[in-house]
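Shown below is the structure under consideration.
Read from first to last, the chains carry the letters A, B, C, D and E; within each, the first residue is number 1.
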């Protein structure tokens, strides 16, 4: 059973072989580590590049405004202060706004995921007449400029006596063409045999959606949920138009309230911006788990 | 359990490709029907049509006396092992197997019992907590089988369910499937490429080619009485040897002549050949490898040139040629011939088959 | 038609009902109203007053300012879409393999999307300020980024690209997670190096989502507006007067809803045609 | 008079033989004393930040102190632009406010809208003494002798300068005109070490003020005050060209580089100590001081003239309070009470001290709060003086399409500064665009 | 082509599961090595380690004299048929097959030629423009084979490449693979569950169980001389029958006794049993189904109760019991016994195997 190699290996002495082996392994390990390290470095550079505006905003938020207005380098606040945050908190009922925003954005996110996944399911797994036409119609809704519909929508909701309520903030956004489109694209690469298998197992379409499709397209849903949530969180025009009282207002209007026409305190506004980013970041971090690799590996053969 | 009936079923793809043609078949309750045929002939497609995964282009599919063409898969109450397994990647083995039961609202302890039993049968009890991605190919396949046999549907559809199992496990599974069939009185429609499975498991075998049913009959019938050259060549491994031969009358006897070899047909054959007017024409002679013997009467002897020898333990396969026709002969291990030798073998004339040159139909099919 | 067939036929539509209902009330209905308005001159309250037929359209098509808007928008869209998709893709690929700190980095890449466009514009306004802005300070330039017609559009576009890169990163990451690992294994055994794997497998594997991202990015870029409002108000001159901003201005400042409606309709048509073209391309270019 | 004014006239007429009037008032008072907790009025404003806080305090105070059971709900409605847009939709959709704060350039729109009860009616009804209000401020909102809205937050532009730079450059006289600025430009840069002479934001308001300073009309029909304007006037009376020529001169010489659009665009350079001067609203004073934070001494001076011999003053900007006609007399009374409260000397003194807007009532000057504030911010004196030196004749223009006009002016000035045309061309283009808008507007809306 | 060498290779999963244990094997250049073993025993894992897809936990893997543990898959110049096919879903069949060549920058016309040839061999020429999703299971598998055989790598790794093909195609493919092996002088490492493939294709068979090599030897050797009970039972289908028997001295003869049956051991056996001190102890007796005959001397006779009969065309399998031990006997179709009967059969005593009761090692292994 001796092969060339082992005989050769036996000829050189075992120690030498060990050494050889160790050095080869080490070299390879080193190469691997270096690769990882390089990856981290590249990532670090890239993320700093991407984050620069944000980091700078955070830094401004901690600056007394006199430090901002200078022609000298001012990357990092010389005398960091929490005053801006305190001011912002005092000026607007931020807590209430955050609660409102959370509720509204949460409902919208949930509703969109639901309605979009249903519609996209129909578009990608079922066959029916006029599918393409209907899909084009859905796509078309994406292209309608929001500015063109806002006034009519205002009239509609005021006709329904929904003004200044959660309804009006939530219901018009319960679906989105973008979501339908996104899910449809994801379902395209979904192994169809899983659908078939579930159907034969006696699974209804709805059940398939919630027990197979949704768990398996977590990453898409994660992306979509984060996006929807943050979009809802960032709505400005519509809530401004349809709500009147602080009871219903959302955080972006809060930011607007920090902005005063004639005496802008930029650092305070930025402090406000930074403060309301924090909840959205937390949502993102919570949703990030979903972005795992290799969902379908090993599911089917071929 | 259920009976099924196909009436003129066709399946055509959008691009005009017809995959299943004019399929007519009655499957009785409790039948264990085996579908065989060359790769790509439409076996899986047929199962998928039964399951409702593919629309039937034309024709009717009846299950238990009800027209099913338009019924959705989940209302058909069937259960299917996919050729590609189709496990749910996010569920554990246990959950995968329990899924169909859960959907049917089977009580929890019942689920546990059934899954436990199935896992035992399939030797996968130790894997119940794993995700499919941490399984070997054969293990995945067993999970796929498991999630089907836990259920008691109207009919089981199985698409090459044992293809990735080792011989030993496979024969155990064969036994288990036979048991399930017997005990549950289940209707099973089963696609396989394995001759042994086809011959031992089925109450009936359907041989397909290019979407067309060639023959549907009991295993023994199919083997002994293939309806045409295709079936004869397809069933049996190694497959039947075919030679074009002249049918000649030599005195009282009817002879089958090819090259220098002359075989004298037996009575039944002779009668048929004469009656059907084949004398003086060419037909295909089919001889299975095992119908050659080391000894026998001179008039059944043919000589062939051994080119290759495969020792299979219990027997030896000799590959070689007779007048340029390739031939495979199965003999007992006692025969000591080597490649290059010319070996005399004796044909069991009672077991030869003859096929029409043009229609390829079996001439002495009874 | 018996019940079974009916259920089978109707089923697919049922799943659309929730989505379609919302669309009908809050998008189609108002949009038809918009089309109607575009045929009128409107009073200061935005009510149709004087039927003018296609005059609003004719006016637009004769107005250099409108064509300027189109041109500016086109340039803007090209910059935004290409830069933001590239950023997102690079980030997603960088984060496609696990390594220490991946969570932190991927959070970082997605973060720009957490900021509202107007807030982001505020931040950029300070950063790009010629004398107190950090950009000039770091680079040692004295460029008047947002008041110089040479740079203003690029600045707004890059800001938008930055904003959008976050969600693109998420989309691409999600897309990557949907590619079956085994084909990478096979490719590596086949001898494909990582670059080849990227071009032969990753890109095609991403193509459905890439297509989605492209379409959505283009549509969104066409509709971006908050940043212009805060950063440049369409200036200097009209160098950043994107169509949507122009619509906003006409509708909400200039008491010309009719014209705004006509612009909306035209914008809609432009995007529609573009999207149709892209869907044509999808048939050819997108795998699966 | 404009048709709209007539319309409001008829509206009041229907209920205004004096006897009937007193009756109604009596009835109202009776009503409100019967059920004093009844009236809730909604007040829409656009005051964010510090200003919003001050409004909230005032509203809270009013709600606590008033005895007629009036509750005011103050609601922030976004920026001035947002608020007026919202008002438009709300009026179509019947969800209204009772009192709104609208910016100066929305005045013509509000008068024409027919939604409002002129403040004058409420004043007359109550026999309130209008002279309490600073006349130069009231003048802006007075059309044909009627005060349409109650001024509330008013400001004027002034010149801010960096005393340190001026001292260093050895300049004692603060320039009072654009040529004056030009003359000292080199000194400020070379001796004073200024990075730029004046950071001059491209802001339509400044253009209007320069026109005022020249005692020229911005629009025809008496600056849009005798009747709705039909065209701009600054092109014909030469004021526009003069302004822009001077502006361009400054810019060409590098004294006034382009710092961007908007009222606050110039402030950053100044606060950073780079620019020796800037133009800004009086209301920005506090923030500027805050931002400068003692890095240098901030001085204030009158808004510069365009040429040395101009005699005009400045007009005011900011916002005023409009009572909306919701056909509910009880609410009207409540609104009026609230408005009265807001312009009371006490409130105004507080308002001024918190925000830097002028106290609109003269009597506020006697309040201790006001005096303390002036002592703390002596720079504010300049603004008051400038306002007093001005005349009601400089009240400024009323134009229905003012928001658009400002945009056009800014865009064209920007173009000019970026060397895309002479002042003459620029003015011609401005006039053409604005006239077209006016024409369109008048065509549809009258 | 290449030679491979495993030195103490182990593969342990994160969760502590050891899948491959202390694997030592030298694979010579041009060898056609067959890996067999029960499902889940680590065959695919071994291939994946060779390919570089799995890290080797400990031990060394040498290819052509170079330590490969850390080399990335793409630098190993191998080529592999995956058990799960792993076709590129977005590429056509042609592109799938051309992929490996394209990344190796083979000129276009050369690619075309090779793919064309491979497609012909595999009978998939008509499918070249299809996407994998429009293929049947067997067609997919053939594409997977195709994309491997177009290349000429150092070694071919094949994981159950023929499992989804029909018998006929499979035997054609066998021939083709043998040809490729011969013509290219390729090193092939081949996982299969098919006994015929294992016996006919391989120059050497490696039998694995639970990650451990049981025996590595030529097919004939493995069949005739299994090293232990596991190998004996695993190789051969139907598998060997085992009975625990007493080794007793009866006069001069050494007898193997179970129940009432007594078999007299032949000389070699007797000698070994005596020498190794098995007399008076129990051992396992192993008899393959085909080592029973219908006729023979009385001292080789045993009686068994037929319970089931499987007619396989060329032969009959009888399943039954001898003293509760299950037994399977393969006899010629002439035997006419029915379930329920007691059938006398005669054991070919020269071919019996004996295994130690505890170690399960073959006692007469030579």
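The definition used in the following text is that contacts are C-beta pairs under 8 Å (C-beta built on N, C-alpha and C of every residue); 3 or more make two chains touch, one makes a residue touch a chain.
What you are looking at is a predicted structure, and each value in this text was computed from that prediction instead of being measured.
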item	value
Common touching chains of chain C and chain B	A, E
Chain pair showing more contacts of the two, C-D and A-D	A-D
Identity of the most central chain, Cα criterion	A
CA centroid of chain B to CA centroid of chain D, Å	93
Separation of chain B from chain E, taking each centre as the mean of its C-alpha atoms, in whole Å	22
Chain A and chain B: spacing of chain centres that average the CA atoms, whole Å	53
Residues of chain C whose C-beta touches two or more other chains	46, 131-132, 180, 182, 205, 288
In chain A, residues with contacts to at least two other chains	68-71, 151, 189, 294-298, 300-302
Per-residue multi-chain contacts in chain B, two or more chains	72, 83-84, 134-135, 137
Of chain B, residues touching chain E in the complex	36-40, 43-45, 83-84, 134-139, 141-142, 159-160, 163-171, 193-196, 199-200, 219-220, 223, 233-239, 288-290, 310-315, 317, 330
In the complex, chain C residues that touch chain D	41-47, 49-50, 129-132, 144, 146-149, 232-238, 249, 252-256
Touching residues (chain side chain E, partner chain C) in the complex	48, 51-53, 72-80, 82, 84, 86-91, 99-100, 102-104, 147, 151, 153, 157
For the chain A and chain E complex, residues of the former touching the latter	1-6, 8, 20-21, 24-25, 27-29, 31-32, 189, 192, 298, 300-302
Chain A contact footprint on chain D (complex, rising order)	42, 44, 46-53, 73, 75-80, 82, 85-86, 89, 92-95, 155, 195, 263-264, 268, 271-274, 281, 283-284, 286-287, 290-295, 318, 355-357
